[in-house]
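By written order: A, B, C and D. Residues from 1 in each chain.
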Amino acid sequence: MHDLLVRGGTVVTASDAFAADVAVRDGRIVAIGTGLGPARQTIEASGRLVLPGGVDTHCHVEQRSSTGLMTADDFYTATVSAACGGTTTIVPFAAQHRGQSLAAVVADYRRRAAARAVLDYAFHLIVSDPTPCVLDEELPGLVAEGHASLKVYMTYEALKLSDRQFLDVLAAARRAGALVMVHAENSDLVAWETERLAALGCTAPRFHAEARPAIAEAEATSRAIAMASHLGSALFVVHVTCRQAVDTIARARACGAEVYAETCPQYLLLTAADLDRPGFEGAKFICSPPLRSRADQEALWGALRDGTLDVLSSDHAPYRFDDPAGKRAHGADAPFSRVPSGVPGLEVRLPLAFSEGVRAGRLDLHRFVAVTATTPARIFGLYPQKGTIAVGSDADLAIWDPEVEVRIAVDRLHDAMDYTPYEGRIVRGWPVMTISRGEVVWDQGEIRAERGRGRLVPRRPRPTVAR
Amino acid sequence: MHDLLVRGGTVVTASDAFAADVAVRDGRIVAIGTGLGPARQTIEASGRLVLPGGVDTHCHVEQRSSTGLMTADDFYTATVSAACGGTTTIVPFAAQHRGQSLAAVVADYRRRAAARAVLDYAFHLIVSDPTPCVLDEELPGLVAEGHASLKVYMTYEALKLSDRQFLDVLAAARRAGALVMVHAENSDLVAWETERLAALGCTAPRFHAEARPAIAEAEATSRAIAMASHLGSALFVVHVTCRQAVDTIARARACGAEVYAETCPQYLLLTAADLDRPGFEGAKFICSPPLRSRADQEALWGALRDGTLDVLSSDHAPYRFDDPAGKRAHGADAPFSRVPSGVPGLEVRLPLAFSEGVRAGRLDLHRFVAVTATTPARIFGLYPQKGTIAVGSDADLAIWDPEVEVRIAVDRLHDAMDYTPYEGRIVRGWPVMTISRGEVVWDQGEIRAERGRGRLVPRRPRPTVAR
Amino acid sequence: MHDLLVRGGTVVTASDAFAADVAVRDGRIVAIGTGLGPARQTIEASGRLVLPGGVDTHCHVEQRSSTGLMTADDFYTATVSAACGGTTTIVPFAAQHRGQSLAAVVADYRRRAAARAVLDYAFHLIVSDPTPCVLDEELPGLVAEGHASLKVYMTYEALKLSDRQFLDVLAAARRAGALVMVHAENSDLVAWETERLAALGCTAPRFHAEARPAIAEAEATSRAIAMASHLGSALFVVHVTCRQAVDTIARARACGAEVYAETCPQYLLLTAADLDRPGFEGAKFICSPPLRSRADQEALWGALRDGTLDVLSSDHAPYRFDDPAGKRAHGADAPFSRVPSGVPGLEVRLPLAFSEGVRAGRLDLHRFVAVTATTPARIFGLYPQKGTIAVGSDADLAIWDPEVEVRIAVDRLHDAMDYTPYEGRIVRGWPVMTISRGEVVWDQGEIRAERGRGRLVPRRPRPTVAR
Amino acid sequence: MHDLLVRGGTVVTASDAFAADVAVRDGRIVAIGTGLGPARQTIEASGRLVLPGGVDTHCHVEQRSSTGLMTADDFYTATVSAACGGTTTIVPFAAQHRGQSLAAVVADYRRRAAARAVLDYAFHLIVSDPTPCVLDEELPGLVAEGHASLKVYMTYEALKLSDRQFLDVLAAARRAGALVMVHAENSDLVAWETERLAALGCTAPRFHAEARPAIAEAEATSRAIAMASHLGSALFVVHVTCRQAVDTIARARACGAEVYAETCPQYLLLTAADLDRPGFEGAKFICSPPLRSRADQEALWGALRDGTLDVLSSDHAPYRFDDPAGKRAHGADAPFSRVPSGVPGLEVRLPLAFSEGVRAGRLDLHRFVAVTATTPARIFGLYPQKGTIAVGSDADLAIWDPEVEVRIAVDRLHDAMDYTPYEGRIVRGWPVMTISRGEVVWDQGEIRAERGRGRLVPRRPRPTVAR
């Protein structure tokens, strides 16, 4: 007797699609086939697509910035929202501020997630203070515990590392078996442009894009790859937004560099023109790197298709619009450089990519599954437990209605936000049910998840290499 | 009650790998899982890899050349040999000679295959005489019947098409829904070099490579792609052998051309130096395009990995060495240009690629499955019936012992040949059992296949497009 | 006592520009400087530019086609027209038709040119019938006499060579010391498209561009370079018209191929849209390869600047519009494929390039001199006798008024044509005087040249290389 | 009556070569020709090449480092040495240390040069402290005075600028009309590697190359170009040493960046293997960026030929070997990182490039003149006064014996050094006479120059552009 049977759907993986039932016992997939034995619970999925639950490896949840600002979503709202959009695993950040013990930071985030998350999760470590103590004493233990990735910044005063620190981190990560992720923008160039614009009185949201030009991203991407290549280290470039950065990554790979790269729906679907909405409205679209041009969008879609980009994540960074703890933290007249940076996207990531990618003919269904679930799970050591539909894998499934039309509206979403940058946009295709370890957590509009049911997923370290 | 249960192996697809049983009924996979119900026959596969049976989309079987020379293998020996090496589907050629009706040619090949094949098969049509009758009257019907691919030659006097004929074929194929495959070498350049060498008395086998330089292949590849791109047609480039052709293909794709490409084990593992063996021995290594350099091998492995090359086929073209109907057709002193061109490889294709690819760390196991089974099945319209392990697919399986070491020797192989170019080479990993539509055809050294059990697999045409 | 002193102008060469007088004796430059001694004739050039007379290495003069059609210009009108536009040397063709002796052809052209030319000249040999007799017996002697270049066609039924013949020509030219020029378009592709269009009734002039697409040129360019590279031969690609061909050439050079390339003003200044003028008017713009797009124009300007293109010639091919021996040879309703191909341009080549290149900021003055005079003279073995202003060089000078504005009109030009494709276009800068071997041949609107004064300039063969 | 006549030589410029006399009056060339009038002094040059005197735009003369170390050569020995090698103009540096007034620095260098230089000179300004005072108040005046170029460092603790400072300098230079030169190495990467090597005890000279890998140079080159491109500023990259940096520059140019680049004989002729000589001997070859590989040499020669590299300068940086004020400043056991960096080369630059370039067939004679004289003069605003042989230009000439064989030896050179990295190397071709403004300063082995005769050459600013 199985615990659960998902019956009659079209099962889709990164390489295959076929009609079959999926049987689940003890939270894991035990069989995929026809005529599978009886189950305590049966879900009819005929006419539906049965996809691996999404794996979102870039999101900011219950994260406090160095200035004390907290994201709008905590581990409960974030995971509920993710579940409602077909995602079953998130990998947010455990963010070190300078002077903090990395281990203490991780313990704090673990404690909070354990109390509230409704989906499984893991943590990337943000390293802003790569002291010998952090790198040599704390990091190896944390990686061994399963926190096998870390992120560094090349921009933001409170977070950025010098090239030398970046080299230290790359070397330490390699010894410990962690993958390094990088936010690549040239800090000096951004600061220089921001000051130049400020001196001209150009502080409205629309100048955000001008202050962080594509070349700042492409330059830092090239530099980060140069350093990683020099050490023979792998590198994961987050939120690639422009053709120049895509070209840089493709070139580096052709030369043998082990570089992975990601983009996000906002860079595929919005442009810098969105920053130019009246009044402070443009602040809703401030994220970094900034939104770019239509030509960049085309380059990103092409790169998702041809494999230059591996992952489509949300970079969910939720700051409410009409909130003194959100976009207005420094007032509604704040210059763009003081507006908290980020857009929400956990819940709409998959529907947007399905509608604008698969339905619009830009991505095939297997590639959609690959970039939103299988590949991120693989790269970050969650696979095969997460990211696919295979015997032995966790029964993390999203059952999609590929035809339903949904008008996106903030009051239909489940995060803690008061706006969505996609308000009014119509998408075709949405998950009608989300299943996590065999438990239905989102069912036709109803949230069934229990606070705190999510579990930490320890991740396998990468093979360690001395140098 | 299942017909067959393959129990306890590690099932591998182009994207996944997991421990599971595979259950078969009526020749199809009905379930993949643990604890699947009982079966009439159970095969223990613990410690084994359970892979999709190989799909070999380039092989010459019971094919008569324009000069009347017959390949050594008929449909029986060829399919038996293929089965012993883990392959379950072959797509040989139905080769038109000038003046022949294409439909009659197909009927003849079908008849012969039906009588002898032990594995399932389909046919590519070789078009050497693209008259309006052939293209407009015969081709559409043949494609509709499931012969959805055809091959043309840019070289060989008896086969080659002019560019204009090539355009006619591309356009007709597009209308009919067939994919065009091309053997790309510049005929004039080869003829010119061959004559030049002959005038210098350079006719030994080792001059074969000099007479057909890489640039002749790269040029013709570029030209074929230009013509296909001009018409907006897809193109499949067979047996890519050199870095220059790889670069040409990569560049065309980056510009949006729909080009697929293939290489073969001989180009990955042998070099032009093999042509320089003493006496006539080098003739064993004469194939066209010729073997190249170590640098070209590296380029090909890289292109298999990064996706520039989609398919690894055998180009099995069996002419016996010590045989007046084989390599010695024109005597043991024949100039290289009169030696029948081709090397055998149906049986060793998968073991060589597994050993030198997967075991040697050049290909991961999923990519091995993709290039040897899933992708050729997809490109040529056999998928999902063939090429993967999925519910509903034919139960075509190869059960591998990944550790067994085998020394390749002609007398251990099952084709009709008297030599193998890999004599003495040790490979690690070999299928211990091959299953076709749920029937064991090769079992631990014993052939169990019944002559004529193989069936023609009709293939879906490509979407047709008018111009 | 000098024969001539050009006083007070700004002397410009491919590398320098300075105020100086130029002194001439016996037709050669003997001194460049200030305060040079007295002369029998003094020309005031203050406020003028003193440039090397133009060298036009691509023009069709008094040339009869295989169908008997004669160009409108004979050696008199052509050279007068050239002189009026600042050109002092032309290299037209001595065109072999199939079956003709190359030596006899050359003798015929020499005789006719000697009788009429007012400027110095040389001949490229057009080889349409590369028999062993032509290549082995005639060619070496002709090259030794100074006819050190030849041209072949990859298109046009009456002229085109097969790839094999092309290889024969390349090899023979290399042995003899001649440079091979190629008109590169894929003949089959053009024929196929022409037929396709004809079948659709698309025969108006505007379909000329569609019938000869850029890819036909790029393909043939790539093929020609492949063959030349294979033999280690140099190659000169005439009339490059599109970005794809430019890219192909640049890539070949980066790989070490010795490739030279040319474009013409019509490809820089006109587009395929000009073919779409009402009625038969578009026929005025039929030339092959055809006019392309604005984007191609930009690519060509860029390539002229950066050195990918070496030469700017006219490809003067004069067929009168309103003339049964011209564009209307097959009537005013003739399909584009039967309209004689070519546009006139000998006289306007330099003024157009000066105005649209130098004055418009697209070419610096030194690059203008290089591509219109010095480099073609160098490549074709006329340098240093022709193509520069240097002591010992022929006193072939063009004295330019860089400021004068001229409206181009057919009745102000001096060729035998009844139209110019540039009618009404205003250019800035025009030669006020042209000097050939120290003799003024064009002076402020007056032609002073004596019929037959031009001389054949024998050219140095290239170093010969055996293979 | 001319002051000087150089009679019967072969005059060579960047585009032409011809037999002619050169007549000089008041230090300037007044005529080039045959049969020029009499002169007070006549120099026979038959059988000789008459070239423009070399222009060396990268050399360190009488320059004190931030730690107080003085180069071995003062303005007298440096200019004498340069003259003996055929150079007639040098552009050393006026080097600001942090805290210094740039104007005061320039005044100091001018005073010292005026007292001792025997050749004409100009100064590049080294800016290490780009305060608003320096950039906004001092720089415009200095540029207006003719100091129209400045150099910045991306490495060396005492000199390096942050990216932000670099942007400040680029913007200020653009406003003022100065060209920015950059020493591009990633400072952090070098420091990180240096420390890593030190920790392993790897401090011998041969580790110098490992501590400053090619990727550090390529990365910084890419970054510098990104910043300049962002501002639309021109950039001059000094001492390019490796294929990766060459590729970066070529790519940037193809995208429209105005980038100029230089290499030096040491990078063309020596390799990192030279650093591995026994004992401290390797210190003679320590320069930064370091010597590279043979493959890099080939890339540099190719780039000099094809125009990717514009200039060949010496980067003469003379520190004596056996001298406590030289390479041994920190003792003979000093780690490589404390050895003063630089090699001498003012005198041998042209003979090495002539012998290994022109005579060895790697550069044609015109390209030799271009990269060693004409182009640097053009780029840095010295042309047409310097860098060519043209009427009106300064009579700065080098008369070369192209056949003479010279064995390079430190005691035959005229600088203040006790070693040359080229000791024992035989070159073919050397200037027998050097003429500066019509005065013979080096004559067949005898120095005739008078201390202090050299003059400052003010340079034209570049067009200034606001942003």
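What we mean here is this: a contact is a pair of C-beta atoms (placed from the backbone, for glycine too) under 8 Å apart; a residue touches a chain by one contact, two chains touch by 3 or more.
Predicted model, so just to flag it, every value in this text is computed and none were measured.
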Field: Shortest walk length in steps over touching chains, chain A through to chain C
entry: 2
- prompt: Farthest chain from chain A, comparing Cα centres?
  reply: C
Statement: Taking each chain's centre as the mean of its CA atoms, chain C sits from chain D at a distance in Å of 41
Message: Using mean CA coordinates as chain centres, what's the gap between chain A and chain D in Å?
response: 51
Task: Averaged over CA atoms, how far is the centre of chain B from the centre of chain D? Could you give it in whole Å?
output: 60
Residues of chain A engaged with two or more neighbouring chains: none
Chain contact graph, described as a line, ring, star, complete graph or other shape: ring
Query: Can you list the residues on chain C that touch chain D in the complex?
result: 11, 13-20, 23, 29-37, 253-254, 306-307, 366, 370, 374, 384, 388, 390-393
Chain C contact footprint on chain B (complex, rising order): 162-164, 166-168, 186-189, 191-192, 213, 215-216, 218-219, 222-223, 226-227, 229-230
